[in-house]
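A, B, C and D label the chains in the order they appear, each numbered from 1.
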Amino acid sequence: MTGRRTFIKQGSLLTTAGIVGSMLPLSAISQSKQAGTKPQPQQSKWLDGSRLVISVSMQFEAGGQPENAESPFPQNMQKGYKDLPAETWYQYGYKEGIPRMLDNWDKLGVKITSHMVGSAVLKNPSLAKEIVDRGHEAAAHGMNWATQYTMPYNEEKKFIKDGVDAIRKITGFDAIGYNANWLRRGENTLKILQELGFLYHIDDLSRDEPFIQTVNDKDFVTVPYTLRCNDILLIEGKNFSVDQFVNQVKMEFDQMYEESEKRRRQMSISFHDRIGGTPQMVQAAKELFTYMKKHQGVSFKRKDEIARMALEDKTTIRE
Amino acid sequence: MTGRRTFIKQGSLLTTAGIVGSMLPLSAISQSKQAGTKPQPQQSKWLDGSRLVISVSMQFEAGGQPENAESPFPQNMQKGYKDLPAETWYQYGYKEGIPRMLDNWDKLGVKITSHMVGSAVLKNPSLAKEIVDRGHEAAAHGMNWATQYTMPYNEEKKFIKDGVDAIRKITGFDAIGYNANWLRRGENTLKILQELGFLYHIDDLSRDEPFIQTVNDKDFVTVPYTLRCNDILLIEGKNFSVDQFVNQVKMEFDQMYEESEKRRRQMSISFHDRIGGTPQMVQAAKELFTYMKKHQGVSFKRKDEIARMALEDKTTIRE
Amino acid sequence: MTGRRTFIKQGSLLTTAGIVGSMLPLSAISQSKQAGTKPQPQQSKWLDGSRLVISVSMQFEAGGQPENAESPFPQNMQKGYKDLPAETWYQYGYKEGIPRMLDNWDKLGVKITSHMVGSAVLKNPSLAKEIVDRGHEAAAHGMNWATQYTMPYNEEKKFIKDGVDAIRKITGFDAIGYNANWLRRGENTLKILQELGFLYHIDDLSRDEPFIQTVNDKDFVTVPYTLRCNDILLIEGKNFSVDQFVNQVKMEFDQMYEESEKRRRQMSISFHDRIGGTPQMVQAAKELFTYMKKHQGVSFKRKDEIARMALEDKTTIRE
Amino acid sequence: MTGRRTFIKQGSLLTTAGIVGSMLPLSAISQSKQAGTKPQPQQSKWLDGSRLVISVSMQFEAGGQPENAESPFPQNMQKGYKDLPAETWYQYGYKEGIPRMLDNWDKLGVKITSHMVGSAVLKNPSLAKEIVDRGHEAAAHGMNWATQYTMPYNEEKKFIKDGVDAIRKITGFDAIGYNANWLRRGENTLKILQELGFLYHIDDLSRDEPFIQTVNDKDFVTVPYTLRCNDILLIEGKNFSVDQFVNQVKMEFDQMYEESEKRRRQMSISFHDRIGGTPQMVQAAKELFTYMKKHQGVSFKRKDEIARMALEDKTTIRE
């Protein structure tokens, strides 16, 4: 049995150094003093003492997309021709988007999870390696953009494994987390992931905190994902302007921060290379993360950290 | 004949305790004094003395949806497969959405009307019961998500009755109000509702105050509903960001509050489990309701209260 | 020849009383003094001395719509059934929308042009009459919502004439202005309008000031219309929130006001019964018009006033 | 070899007069002093000393559009009829839009690149000439709105050449830059452009700075374009309100200005005659450009200037 004490001793991943924030509003400080006077049981807080955990995704997909993949250009290409400007929209993802975001994460002191498509990794190996070298997590995101939920068992297993192998070969990172294209896993996906040694997946929106399922008689973690604070859904799907993205995510944070006083809460945000990596969106991220960091107890964590902490924690929700 | 005096004596439902707001702007107070000096007839005000009545809906639908029901995911699933992430989007409604909203209504001191789909109630009985136990109204919303306006008379009557029975069995509440899927009642719906003992329905947008129709030779109330302050239409249908929702509903309130000085006015707002129950939307509701509560004479009422008050009031509009 | 002097003597329509605004910013006042010291030729200003003319449209259409007309509800009704809630959305136009707007125009002291569909006038005659009785212009908008541009000459002529006759019969007003459904006139429309004694139409977006064409060897005025400040296009078509409507129209005004210092400029805004008549939109109109009225020389005019002034003015653009 | 010194001597295009901005925030000034004390190598800055280059596009297309071209009106015209109001929407582009923008560029002291469709130039020759006479660049944009990427080699070459010839004949300007309809060039386009003597094209979104490719064994420049700050995509495609356009472009600028301290950065903005030329959008442009001009080192350049500077600069990215 591993109790909290033991876990903190292991602790390489879970130092309090990851917890940011000192500019607490006065009202909050006085509450905090009260709490100090009379400590209360906080059964559902995070194991490492974080108040609110923020989980950031950075999709590394561009370069691996199929020919004439969907883009902001009118979807009316005549058959037999290449959508050349759309290709340059994707190229932006690795030429400008990822590098810009990497610089921003460094400035902010935030480590993120990068969901890497295998074919994109092979197309831009040095960039994939740099993501890992800068301390971010590499998670698997399929070998390419194929529809996964229709694949027979063996085909799907090879599809997932090829992606993991590509990431390992190029970056040296053993991916333990998975994200299916458009979150659309099939009925076999979790079993396959468990067989391949994955610890968690993110293709689930049902909760605002991680939970554990039993898959193949072993624990498997869901680190829940988001559509509400997701650049591709909001900017390309719902046609938000960048200031709307900021406003909406800020309101999400405010509520989550408030709830996290009494419950374990995890907030998820996601950025895709060619969308979240534009100057306007990086400006948005800077504004948002600067705002969040001003709140005491906010902790930005990679999803592998979250999954391991959830597995360790006896109070994690089980379904 | 029941006059106003008699009605107020009965009064269990209609105490002035439900009327909130004391932070009136100075200009309004001085107007109020003038009015005090020379009282004027106010024929169309509410029977219980409310200035403006706010009617809040909370849809309890998730868990009862059909397979591969519409969601924010691309509607392009191949035949024969389940849209697994979309299912988790719905699960969020009962795992996080309703519980979060219930806490918020408690903090705000607001009682709402919950439109409950029968199959959703059976799927999550304890949650349905908790809604009622916390003092909210359970109204009927069909046995499931089937299209109601195409049903023959007997089929529709059974469909409605099954939903009411499920609610009664689980929560102990006798629903007297009805809401059809997408408001789309058929030609027989009101007659059936009258036969089944309902007092009101909400599937009408024609007025900003309740009105009475004669159905089967008896009075039947319409407590009008809204698309303008409706989370599913604005957030999922029109792709509003949460701050747009706040801005638009605030402007609706400002005009309604102004008009309510001289006329009976009812404002309607609605929240669906998986949409209105997100952190960002609950933050929005908190901001909106806090703003509304600062205005004197604003009263948050369940729709059964509104319907009963309308039936009692001889000045209610008749159509 | 009718010069300016003569015209002002006729003047019942064109008094300076219609010109509002006294809360001019200091910077503007000092400019105004300078201009006073050394008067400059202002060839393109309005004949009555207005600096900027605002032309407001209020569509009176609800009640005349065809069965299952387009509405904010999902457009997926099964054949053979009535879209009952959509009908109540239209009813809102005459039960709440127009009355609310009429009160608002009175408070603001603004006279507008109401584009009246003949069948809507016949459906709600007393409301149509009240619009005219309160000093607004009745303009023709077809006998019903039929597609006009496909009609043969005689059918179209009868269609237009029936609408005018309905308006005259109910309101006593002789319509001299025309607006086709979705602005879609046909090749014969202007000729027919000239034959029927109309002075102007609005189905043209090409300019920000009125202009004259020769139709059947006589002058015919275009009082240009707008999509940019049009409630149906912005609120229902583009899914704007009401605050976006305010922001966009304000920016339109700011530029037009600036330009109107040196050129004749007309700004157009439009409100449909069931859209512009909601509480939130009337709040928006109140905010916008209050803002506009603070600027010196801003004049709100009915389109018949604008058309007559354009005909009288020798400097009006001719095409 | 042409070094920086030589280049500046040639210098008619690249004077520092084009660099604007003196209202630097205090914090920035103190940084600037520090930098002055200890100069650092700045390998990727612009040859003429600009900190950030802004590249503005003004499309001149209206009048050259095909019959019943796409517009904000419902796209449901019956066959065999003209969409007359849509035509007036396009006419607005040359009657009001371009003239208004020209006045605005003059007031702001900004020179832009006008992408001219040949048939539009022939339709409104004096306006096309005025654009060039006021100091703006004329770039080619095809002979008409035809789909270019499906044309065989010779047809495409004639199509491009006809457009250039029309511009030269009317305006006297030799176009050296190209923009394909919806950026959709074909596989032969760059080769043809090189053969016809063009120096650059803009149909590429992959970078935030110009770069050089080898085409037909000679250098050819890409001056990258934008969808993120593009009026037709944001206003007509994504249904942004004008204030959203302002907010989004401002955030783009803020990030680009920050990055430009250490890297060569080019920001692109685009305005189409009938969209960017409305009063509300010109007000938006005025607000944006006034904001940008307050930042030291911001330089507004025509794309021919940018292309020539990129060709001259040995540090320009080569692909």
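Quick note on the criterion: a residue touches a chain if its C-beta (ideal position, glycine included) is under 8 Å from a C-beta of that chain, and two chains touch if they have at least 3 such contacts.
Please read these numbers as outputs of a predicted model, since none were measured by experiment.
Under the over-half criterion for shared residue numbers, do copies chain A and chain D use the same patch or different patches to meet?
Different, since under half the interface numbering is common to both chains.
Determine how many degrees of rotation, between 0 and 180 and to the nearest 5, align the Cα atoms of chain A with the equivalent atoms in chain B.
90
Farthest chain from chain B, going by mean C-alpha coordinates, please.
Relative to chain B, the chain whose C-alpha centre sits farthest away is D.
Please tell me the distance, in whole Å, between the geometric centres of chain A and chain D computed from their C-alpha atoms.
37
Between chain B and chain D, what is the gap in Å from one C-alpha centre to the other?
Centres of chain B and chain D (C-alpha means) sit 52 Å apart.
Among the residues of chain C, which are close enough to touch at least two other chains?
Correct list: 239, 244.
Chain pairs that touch, all of them, please.
A-B, A-D, B-C, C-D
Quick one: which bits of chain B touch chain A in the complex? Just the residue numbers, please.
72-74, 77-78, 81-85, 88-89, 91-92, 95-96, 100, 239, 241-244, 278-280, 282-284, 286
In the complex formed with chain C, which residues of chain B make contact?
147, 149-150, 182-187, 203-208, 227-228, 233-234, 237-240, 244-245, 247-249, 251-252, 254-256, 259, 267
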